[in-house]
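Should a chain be cited, it is by its letter among A, B, C, D, E and F, assigned in written order, with residues numbered from 1 in that chain.
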Amino acid sequence: MNELSPKPPRLSTVDMTELVLPNDANPIGNMLGGRVLHFIDMAAAISAIRHAGNPCVTASFDSVDFHHPIHIGEACILKSKVTWAGHTSIEVFVEVYAENIRTGQRRHTTTAFTTFVAIDPATGKPAPVPPVAPETDDERRLFEGALQRRAERMARRGEH
Amino acid sequence: MNELSPKPPRLSTVDMTELVLPNDANPIGNMLGGRVLHFIDMAAAISAIRHAGNPCVTASFDSVDFHHPIHIGEACILKSKVTWAGHTSIEVFVEVYAENIRTGQRRHTTTAFTTFVAIDPATGKPAPVPPVAPETDDERRLFEGALQRRAERMARRGEH
Amino acid sequence: MNELSPKPPRLSTVDMTELVLPNDANPIGNMLGGRVLHFIDMAAAISAIRHAGNPCVTASFDSVDFHHPIHIGEACILKSKVTWAGHTSIEVFVEVYAENIRTGQRRHTTTAFTTFVAIDPATGKPAPVPPVAPETDDERRLFEGALQRRAERMARRGEH
Amino acid sequence: MNELSPKPPRLSTVDMTELVLPNDANPIGNMLGGRVLHFIDMAAAISAIRHAGNPCVTASFDSVDFHHPIHIGEACILKSKVTWAGHTSIEVFVEVYAENIRTGQRRHTTTAFTTFVAIDPATGKPAPVPPVAPETDDERRLFEGALQRRAERMARRGEH
Amino acid sequence: MNELSPKPPRLSTVDMTELVLPNDANPIGNMLGGRVLHFIDMAAAISAIRHAGNPCVTASFDSVDFHHPIHIGEACILKSKVTWAGHTSIEVFVEVYAENIRTGQRRHTTTAFTTFVAIDPATGKPAPVPPVAPETDDERRLFEGALQRRAERMARRGEH
Amino acid sequence: MNELSPKPPRLSTVDMTELVLPNDANPIGNMLGGRVLHFIDMAAAISAIRHAGNPCVTASFDSVDFHHPIHIGEACILKSKVTWAGHTSIEVFVEVYAENIRTGQRRHTTTAFTTFVAIDPATGKPAPVPPVAPETDDERRLFEGALQRRAERMARRGEH
C-alpha cells in the first residue's frame, strides 16, 4: 500500500509504570477512569510516533471496559504496541495492569485498541506510514483481527 | 426495577468549559486525546453521582472518535447528562465541542457514551440507582437506544 | 465610544464545573481560596476573550469574600458573563457555587467582579472592544452599577 | 482582646520564588492572573498559620490590581506577613514582584490584603489567635490601617 | 543478615516511559533536571517497595550527572532495579535514556544510585528487607560494588 | 579566567517556600524525595541564571541525603546561592528545611551542591560566566571548598 519498509511491533513497544497519586483518584480512593485513559493515550501515542517516524494524533478509541478498580498507592502498568497500519493510520493495542506493589499481586484491568493518524509536520497533512510486519503468533492474531475492527469503526462512523 | 423515584436527565446535566493549556497538547499543538477523555470522564462522573446520590466509578467507555483537532488557547466545552439507568449502573452521554474563543467558531469534535456503577460508601458494594425519566424527544431517543447499546456492551464483554 | 457592534452578555456566558481533588485543598479538607480564584480567572478570561474577539489579560479583581468552605469531592460550579466594557477594558462578573454532588445541596459561596484588557496580538497594545448590550433586568442592573465600580477602582489606584 | 502572647510580623514573614512555566501562562505568554492569586493565597496561608498556630482558611481578598504582565521564564517573587489580628481572624499583606532573572530587572506588579480565619482542628470552629505586635515603622503603618480596611470589608459585606 | 528469602533484581525491575511536555522544560526547551530526578525517584521507589514488600522512603541519591539535554516532545525512558539490600535499607540503580521518538535515536543521559529505607506501616519504624540474589553478571557486578558505595555514603555522612 | 565583573553570592540568593500538598507525598504521608529534588533544582536554577545573566541547564547534583521525612501540610523551605564559578559552569548550594507551620518547629533536612552550565541563547553553546566574589566567612568557606568538590566530580566522571 506504500513503499516504506515494514516495521515489526517490537520496535514500537512501550512499557509505562505510574504510581497512582491522590489526585489521580476519586474521593473513595479509586483511580479515575479518565486518568487511565490519559495514560493509555500517552503510551499509544509514543508507539504510534515510533512506528510512523512522524507526529501522530489520536483518531479513535474503541470501547474500553474497566474490569477492576485501581487504588491510590498502587502501580498502573501499561504495555502498548502497534498492531496494524493503513495508508496514514495506525492501530495501537494497549494493556493495563494494576499492581499492589507490596504484594506483587497484579490484575489485568483494561485493554484498549486506539487509532492514530500520522501528520507530516511540514504540511500538517496526513503522512504515509510503514506497513506492520508481525513477528509472533500473538502479533499475527492482532494483525489479522485489525481489518474486522477497522470495518466496525467505518460502520459506526457511517451511523453518526 | 427499583423503588427509588425516577429522575429526569435535566437534574444531572453538567456544563464544563476548559481552556486548553500547553501541557494539554502534543508538540504540534493539538490537544492530547487522553486529556479530552479525562475531561469527558470528569463531566460524566459528576452527572452519574448526581443521578445516583452515591459515589460512582467508571465502568466503560463506548468507542470514541475524534473528528477535529483542538488547539492550545481554544476552549474545550463539554455537556453531559444521564440517559439511562439499570439496577446499579448508569449510562451518561457526553458531547464535546472545541471553540475558537476569539471568533466564536465552534466544532462538534466528539461524542461519548460512558457507563458508571454506583457504590454504597458504607459497604463498598454496588448500590441501587433511580430510574431515568426522560422529558424531551432527544432524551427519549437516547433512553430508547440504551438497551441496544447495553446489549452490545454485554456482547463485547462476552467476547473477551 | 467605539464603532464595534454591541454584544449581549448572553454571548459571553461561561459555565464551568470542576470536581475538587485532594491537591485543591488544605490539610483540613477545605478547597484553597487561591484555587477558587484561579477557576474564577479562567472562566472570566474566556468570557472576556469571547466578548473582545482578541486575547485578554487580567487587570484587576474587586474584593472577594469566601462565604462557605468547599470540600474535597464536591463540585465547584462557576458562571461568568461580561457586564460592561469601556474602550479597551471589560468587566466580567462571576458567581461561584459549591455543590454536594450526592445530595444536590448547593451553596452560593463567592461572587467576583474582574476586569480584563483586550490585546491586539499583532502589536501587543490594548485593542478596542465592543460595547455591551444588556438584555435582561439583571444584566441591566449589573451594567448600570459598572460605572460606580469603575470609579471606585480608579479611586483606589489613585491612592496607591 | 485575647490572652495569647502578641507575635511580631517578623515571625510570619514568608518568601516565595516561583519560576513561571508554560502552563502558568495564556497563549500570548502572560502569566495568568489566577496563578498569581493562587501563589498569593499560598504565601498568605503559611503566614496566617504561623501566626495562629492553627490551620487557617481564606476568608477574603481585598481588591487586587495587576500593574504589569509577568512572562514565561521570569520569576514570580512573593513576600507576605501578618499585619493585624482580631479575635479569630488575621490580616495578611502580600507583595508580588516579577523578575527578569537574566537581567535582574524587577517590577512591583501586585499588592494584596487577604484575611484568614483560624480553625480549631478538634472542633472545626474558629479559634482565638494572638494579637500582632508590630516592630517597624512599616509594620506599624500597616497595623494602624487595618481597622479602616476591616470597616470597609464589613461595609461591603453588609451591602451584599 | 535477616531471615527473609532472597529476591532477584528481576522481580523489582521497573520500566517507565514519559513523554516530555512543555511544563517539564525550561524556556530554552530543555527538560528540567529536577523533573528527571523526580522520575528517577518514582521508578526507584516502585523497585524498592516491590523488593521490601513494605512502603519505602528515599534515604539518599548518590551524585548524578546529566550528560545530554532532553527536549520537549522526546521520551524520557527509565529502567530501575534493586542492586543490594542491608538490614532495612535498599540500593536501587536507575538508568535514564532520552529518545527522539520519530527517529528512534536514543542517548544514555543519566545513571543514579539511590537508597531507600523500608517502613513497617504499623509502627512507622524501619522494617527488615530481604537480601538480594543477583542472577546475571551485570547484577553481580552491581551487587559487589554496593559495599564500596555504602562505605562512601557512610563516610560522607560522617563529614557533615 | 574571564573578564566579566565578579558577583557576590548575595545577588543570587533565592528563598523558596512550598506548602506540601497530597500529590507531593507517598501513601504513608511522607514528601517524595523526587519532589524535594525538583524544588532544589528550581531554586538552584534561578540562582544560576541570576549569576550567569543567561539561561542555565543542570549539569550535576552531588550526593544528597534526606535526614528527616517531611509531611503533608508542612512547609518545605529552600535557600540557594551560587558558591563558585568556572569558565562556563556554576556551583550552587541549596539548604532545605521542613517546618511544622503551626508550631514553628523547623528541621534541617537536606543540603545539595548542584552545578549548572550557562548557555548563550543565540548559539546554544556554553557561555562565559562572571567569577564569584564571596563576602562572608561562610561564603568564603564554600568558595574554597569548591575546587575540591570539582576535582571529585571530574574524578567520578572519569570512572564512568
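Quick note on the criterion: contacts are C-beta pairs under 8 Å (C-beta built on N, C-alpha and C of every residue); 3 or more make two chains touch, one makes a residue touch a chain.
Remember, it's a predicted structure, so these values are computed and weren't measured experimentally.
Any chain that touches chain B and also touches chain E is listed here: A, D.
Taken over every residue number at the interface, the positions common to chain D and chain F amount to over half, indicating a same-residue contact.
Distance between Cα centroids is largest for the pairing of chain A with D. Note that among the pairs A-B, B-D or D-F, B-D reproduces the C-F interface, with over half of its contact pairs the same by residue number.
Chain A and chain D have Cα centroids lying 46 Å from one another.
One inter-chain figure worth recording: chain A and chain E are separated by 27 Å, centre to centre, where each centre is the mean of the chain's CA atoms. Centre-to-centre separation of chain D and chain E, using mean CA positions: 40 Å.
Multi-chain contact residues of chain C (touching two or more other chains): 22-23, 26-27, 42, 45, 55. Contact annotation for chain pairs lists A-B, A-C, A-E, A-F, B-C, B-D, B-E, C-D, C-F, D-E, D-F, E-F, with touch applied as defined. The touching residues of chain A, counted against chain C in their complex, run 22-23, 25-27. Residues 11, 14-19, 42-43, 45-46, 49-50, 52-55, 75, 101-104 of chain D are the ones that touch chain F when the two sit in their complex. Those residues of chain E that touch chain B in the complex are listed here as 21-23, 72-73. Looking at the complex, you find that chain C touches chain D at residues 26-28, 30, 32-35, 37-42, 45, 55, 57-66, 69, 111, 114, 119, 121, 124, 153, 156-157, 160.
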